[in-house]
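Data block below; observations after.
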Amino acid sequence: MTTTVTGAAPFTAAESAAIRGDFPILTRTVRGGRPLVYLDSGATSQKPYAVLDAERAYYTTSNAAPHRGAHLLSEEATAAYERARARLGAFVGAPAHEMVFTKNATEALNLVAYAFSNATVGRFTMDRRDEILVTAMEHHANLVPWQELARRTGAKLRWVDLTPGGELDLTALDGLLTERTKVFAFTHVSNVLGTVNPVRELAAAAHAVGALAVLDACQSVPHLPVDLAALGVDFAAFSGHKMLGPMGIGALWGREPLLDEMPPFLTGGSMIELVRMEESTYAPPPQRFEAGVPMAAQAVGLAAACEYLDGLGMERVHAHEQLLVEAALDGLAQRPWVRVLGPVDATRRSGSVAFVVDGVHAHDVGQVLDDAGVALRVGHHCAWPLHRALGVTASTRASFAAYTTLDEIGTFLAALDTVPAIFGTGA
Amino acid sequence: MTTTVTGAAPFTAAESAAIRGDFPILTRTVRGGRPLVYLDSGATSQKPYAVLDAERAYYTTSNAAPHRGAHLLSEEATAAYERARARLGAFVGAPAHEMVFTKNATEALNLVAYAFSNATVGRFTMDRRDEILVTAMEHHANLVPWQELARRTGAKLRWVDLTPGGELDLTALDGLLTERTKVFAFTHVSNVLGTVNPVRELAAAAHAVGALAVLDACQSVPHLPVDLAALGVDFAAFSGHKMLGPMGIGALWGREPLLDEMPPFLTGGSMIELVRMEESTYAPPPQRFEAGVPMAAQAVGLAAACEYLDGLGMERVHAHEQLLVEAALDGLAQRPWVRVLGPVDATRRSGSVAFVVDGVHAHDVGQVLDDAGVALRVGHHCAWPLHRALGVTASTRASFAAYTTLDEIGTFLAALDTVPAIFGTGA
Amino acid sequence: MDLYQELILDHSKRPQHAGLREPFDAQVHHVNPTCGDEVTLRVHLSGSDPSATVEDISYDALGCSISVASTSVLAQECLGHSVAESLQTFAAMRAMLTSKGADRGDETVIGDGVAFAGVSQYPARVKCALLGWLAFTDALVRAGVDITPAEAGATP
Amino acid sequence: MDLYQELILDHSKRPQHAGLREPFDAQVHHVNPTCGDEVTLRVHLSGSDPSATVEDISYDALGCSISVASTSVLAQECLGHSVAESLQTFAAMRAMLTSKGADRGDETVIGDGVAFAGVSQYPARVKCALLGWLAFTDALVRAGVDITPAEAGATP
């Protein structure tokens, strides 16, 4: 039996079946009545009843604009929203007041990037003498905002390249991180390669030159136990919809003194201290970064997702998903007409397996699998430069969640075996 | 019987009762078992079953990341999301491709404001020679983003003051709109005064000097039939949560050639055309402005809200709410210890009535009403400069929706009558 | 209504020690951003040690009955007492206000402050009741008193 | 699978008229942003009137079987025909692809294009099938042909 570092056990067949029973969509059928085999959780996860019910309960009992009223419903809505903030913080090892709700991880990363161009004093100011460091394996959400920041400020964007094995080329880090580097933004887990990056080491390297470390935690928080503060980074962004929570909500975590120093990004109601026609002053974090009526119902749903995941135990979720990753890697390794992207060693990766099929475009692979009821993602997965670096136009990605089963990996591999014959590429 | 300009009739008692049956929260009780009298729809509205069910149906049948996959669920999610865009557009008289989904109206207004500072060529560029015009009755969401834009670009912020009657001082407009004015941002309906502004006239005045007209439609779209294109403005922002839709979604409408010319705001996945490490190019609107996985479930819910409102008929919703406004204004006029803010003529206003009670602070008024089960908003309602201009610190606001009844206005007035005695201010 | 005890209404109508007076060691201006309520508050101390006496608390309060009355009680209960005692009174007042009804307040420590016990049931009003007190501790700090952020009532 | 008609697989394996040739009047490069598929396409015309002949369509297509085969069909069906006929073929092809299965395609107009009728059931793949065609109409415009945005296949 596979175990993780922590020794947690994957779910038993009975547990797995019970978990699947919590996700109503998993009973639906697709294309010609086939059962749905959903292997696209890396794009967005499905939602358990607990999340749907929590959101609905909020709407049917306590809905009001949080922080904008003194009546009972408004008090209840405010309490529910702030409880959700604390619950989410607890899930990732952070105090409530360091958690900012955003609409998705993308907004969270933009919030940090805009802080640099909006700042007029202090450590967030940026100009043409400064540098921004990213990596060649970033999702567009953790690349394009920095390109745009570079454009706005004149700063220079640099990046860490990849080794042929699909890991960051850490030997180059020394030359890339200099006293000019103001910020180093990198992903915890690659959404294509599955690579788990050495976050502590990267954060320490950033801090050694006085740069801030920004973590894209989109593909780690849903899949591993994550303690953001312990990872040593300064900021982290992730999305609710990838961790069994509702769409339309994400989060930025930031260390208190840094959030304190950051200028606002979106401005408007609820983030102000004092407003005059001539000028305004702003509330302390996290309110400073939450302009307008917030997504309170979604926050409540996300808190329910944290509760659900903690109920399963994130160690066990991780152990379970590692089992799936191994099974997928093993199965693909037995098919010489398939090339897996990223580390071949399952312990160096997490949550997903992307691959290319010799002579068959990913769109065509995906289509055949879809026809067999297997839903997975094809394309560049919002990591186009990474695909270019790997020399492939597009890849096919199977990605997992707590509700995914070993049987589904089997169905996926069996369907994959029909591909070469259809496209006459032998096998 | 009160009728609107269009001659539509308010809801009959039976219709009203049926409508209330669609809103589960309205059956709950508050403070000591009293029935909830929700008069805070201007802050956020309650949600009918139709909206809650549509969102849940999306999650339990078609949930996937829209525009990010080729499998069946992803196709269904994409179709649902784009259908929702078209439905929302139809509700406000705009084609789908001119509708951008945002997390709330605040983000939508910030999106336009940041376009000016992000632009490096064309009509959106802004510098210290330019001017921005707003009004003294704006919600913070349509004031602070422009203050911040002025700060970023060096442009000058000017504003239209108010007449003693709580309307815009249009006599000053000529002097305020000059060939330096790049943008004139104003609200359709004031969220405090209820004043309905002469949008066509203001837009024409803006266009006469070559300025763009940005409309805050937050308090009009939920309450009146609105045809944005016919109003003559260039952009409009509004929120889903105020129009019976879910939280966490809002919209920006913009004329196609203008959206085409605007640089992106939030950047990341799904809004790109081509990404290289060195630089990226961007998709056409509306995708250009929707970075990251969008709030598809909320879009579907919002479309259901449009469907629900159109089922009631916006003319009738408006007629119904005008009846409530009149009843509230009449009742308050009979109480000499109450001063109503804004026009006294109901035909010049919409959706809400804000007032002050002689010698009693709004917080205290609200508390007494809350104790009687009447939920309404107290404070400056995110329009602090407006309150300062009116010479009041805070006010109490009763605001309405299709589910509000005349009986509730009666309950509200009766509870209000207990206020002077409690605070010993006579009456 | 339970909330509006006679004592609160009395204090709000006739705020004790109201008005801005000289001399003073520090003046602060605090605002409640949700409703726009404001208080300008001055302190005059005999020194900056815990044992120093609060010689004067003078203020101009614009706000709801709860915030004005609470500032009045602050002046009444702390004026003439030592800085250390005042901070104890503040701590007890705050503990009661944030107790959600569990702590009814000790009259021997907070005096008329016990009238505010009901406020703890209304989270949105706790800010009102604390407005003057937080201005007071801020003013103490500015007058040179060495107190921790927690003692001064900083939220975490 | 219905989608992968023999004709499509043939065209994708042996794309007709593939490669970039001279002379040409215009060259364009189109990309499908969701998957990164690319086509570089050149047109050579005998003039810029509707009656002018499409003398050559040469291209380099990198993509899925649907996009490569569709570009191959484009070259096969339009090369040697007039600009006006080519635009009619495009319009018919597009009508079929966006019909969600309602329009099975007219072989007398679109030739091998009828093999793509099944694609209209898969909205995400319609873009693939249109990639080469949209590049073609774009190239016509750049070569001086006067066609409306609608004729050129612009989305509204």
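We just call them A, B, C and D in the order they show up, numbering each chain from 1.
Quick note on the criterion: a residue touches a chain if its C-beta (ideal position, glycine included) is under 8 Å from a C-beta of that chain, and two chains touch if they have at least 3 such contacts.
As the structure is a prediction and not an experimental result, all values here were calculated from the model.
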{"item": "Contact-connected components, subunit B excluded, all else fixed in place", "value": "one piece"}
{"item": "A-C or B-C - the one linked by more C-beta pairs in contact", "value": "B-C"}
{"item": "Distance-maximising chain from subunit A - centres being C-alpha averages", "value": "C"}
{"item": "Centre distance in Å when subunit A and subunit B are each reduced to the mean of their C-alpha atoms", "value": "32"}
{"item": "For subunit A paired with subunit D, centre-to-centre distance based on mean C-alpha positions, whole Å", "value": "38"}
{"item": "Inter-chain centre distance, subunit A versus subunit C - centres from mean C-alpha coordinates, in Å", "value": "45"}
{"item": "Multi-chain contact sites of subunit C, meaning residues that touch two or more partners", "value": "34, 122, 125"}
{"item": "Residues of subunit A engaged with two or more neighbouring chains", "value": "68-70, 74, 272, 274, 363, 367, 378-379, 384"}
{"item": "In the complex with subunit B, residue positions of subunit D that touch it", "value": "31, 33-34, 122-125, 155-156"}
{"item": "Subunit A partner contacts - residues on subunit B that touch it in the complex", "value": "24-25, 28, 30-31, 36, 38, 40, 43-44, 46-47, 52, 55-56, 59-61, 63-65, 68-74, 103-107, 109-110, 118, 136, 139-145, 147-148, 152, 157, 159, 239, 241, 246-250, 264, 266-270, 272, 274-280, 291-298, 363, 366-367, 369-370, 374-379, 382, 384-385, 388"}
{"item": "Complex interface listing, subunit C residues touching subunit B", "value": "1, 3-4, 9, 13, 34-38, 62-67, 122, 125, 128"}
{"item": "List of subunit A residues in touch with subunit D within their complex", "value": "360-364, 367-368, 371, 378-380, 384, 387, 393-394, 422-424"}
{"item": "Residues of subunit B touching subunit D in the complex", "value": "67-70, 74-75, 78-79, 95, 97, 272-274, 283"}
